[in-house]
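Once you've had a glance at the structure underneath, I'll fire off some questions.
In order of appearance the chains are A, B, C and D, and numbering begins at 1 in each one.
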């Protein structure tokens, strides 16, 4: 297993940089073109949420760890922000039409990846994304 | 340009068309929101607006959110629609997953398909 | 000043990933297309050397820190390998026709970047590359 | 393909041509070395070999090293040359910086320029 680690400030400017890094790594594995697009979207959604919700007005860091296995790519996206209540926050989205977000980020991650796991507390949030290599 | 979004606006058969090129994400989506607002102000009676994704190489929930908000707005003002053209299979998949297609926007394969349908 | 940090294993597979990350970061600054190409080559040369020379047969890590300033991009590429004698090693290249390398890596870095600095010891090597934004 | 190198070999006027596509770096250069060795074995009397960089989007000292080694080899065997075609300005700059141009290889703007010069 090989690890690649990337740390960016939680600014929207650098979500695209994470996407480029992710696509480079996925390109070295036996993923299809469609898989690579799925991975780019899922990792962007996780980073976008960390940029938008984790830190309020004073940006912190986002750490992205890519773990390359023979048969899968695992990506952990971590912030040290305020965390959230995953059941409550996702449900109340429809009651708040002011928000730009439509509650699609987590939906996208879940439908594009093989496995999605949230670990969130007042100390921050870690999203684990897994995409399997189909061979 | 890689990692950026270019926006330009034109008309086809009096229907406003927004041509997009590049990537729509959390960094670039304000350019798309601005273009939508500009079109709503410039064409206050437009029932249709075409958004051309031909040169879009990346879009995620941020971009879909902006388009969906725009669709709600044109629905409210003129009972109108946003018409998406030239979406790649990958982008169509994303629209599918979002469950937004049945809402206030339509998807056409090409600009001529859209114009034929919207002007008849 | 904004920092972005990337850590890769010293394997040739991932030098291209560093290049992608570097080009994404440079794209967010006011660099010309030619500047961005120069940066990609210089950072690749530094990583290639760390892959080829730093660790011998057992790979270690390469850490790349991008520091984004208003008027320049500074990139530090560090390994914890064996280091080298910069004056001696570069001179003896021509006497060893067996080697694939032509001693061009450091030449390229120096001619493509505005500033190149080597800090090397038995504890490893850090190359600092600086490219200025011309405005 | 991004981050990878595709190599194919053909002939033009009996001169072997190596077409390259993608990036030449520390990861991909063995594909180019292999192609050069294959050409030297298949055309043991060739005085000229064309290397087409038209679709090369990246090359660094690793790639230049392989080409320079190949040039030394064909010089030694047949007093021959490697002829580079379709180098972008960026790639020409790299060759310039390397100080290798005057050595055992020539640079032509296009394949037809190279063929005209090499077959006369």
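Note that in this section a contact is a pair of C-beta atoms (placed from the backbone, for glycine too) under 8 Å apart; a residue touches a chain by one contact, two chains touch by 3 or more.
Keep in mind the model is a prediction, meaning the values are calculated, not measured.
Chains that count as touching both chain A and chain C, per the definition above, are B, D.
Taking C-D and B-C together, the chain pair joined by more C-beta contacts is C-D. With centres set at the average Cα position, the gap from chain A to chain B is 25 Å. A separation of 46 Å divides the Cα centre of chain B from that of chain D.
Residues of chain B in contact with two or more other chains: 2-3. Of all residues in chain A, those touching 2 or more other chains are 13, 16-17, 19-20, 23-24, 28, listed in ascending order. Listed by label, the pairs of touching chains are A-B, A-C, A-D, B-C, C-D. By the touch criterion stated above, chain A contacts chain B in their complex at residues 12-13, 15-17, 19-20, 34, 37, 40-41, 44-45, 47-48, 51-52, 100-102, 104-105, 107-108, 111-112. Across the interface of their complex, chain C is touched by residues 2-3, 23, 25-27, 58, 60-62, 64-66, 68-69, 90, 94, 97-98, 100 of chain D. The residues of chain C lying in touch with chain B in their complex are 23-24, 27-28.
Of all residues in chain A, those touching chain C in their complex are 2-9, 11, 13-14, 16-17, 19-21, 23-25, 28.
Those residues of chain B that touch chain C in the shared complex are 1-4.
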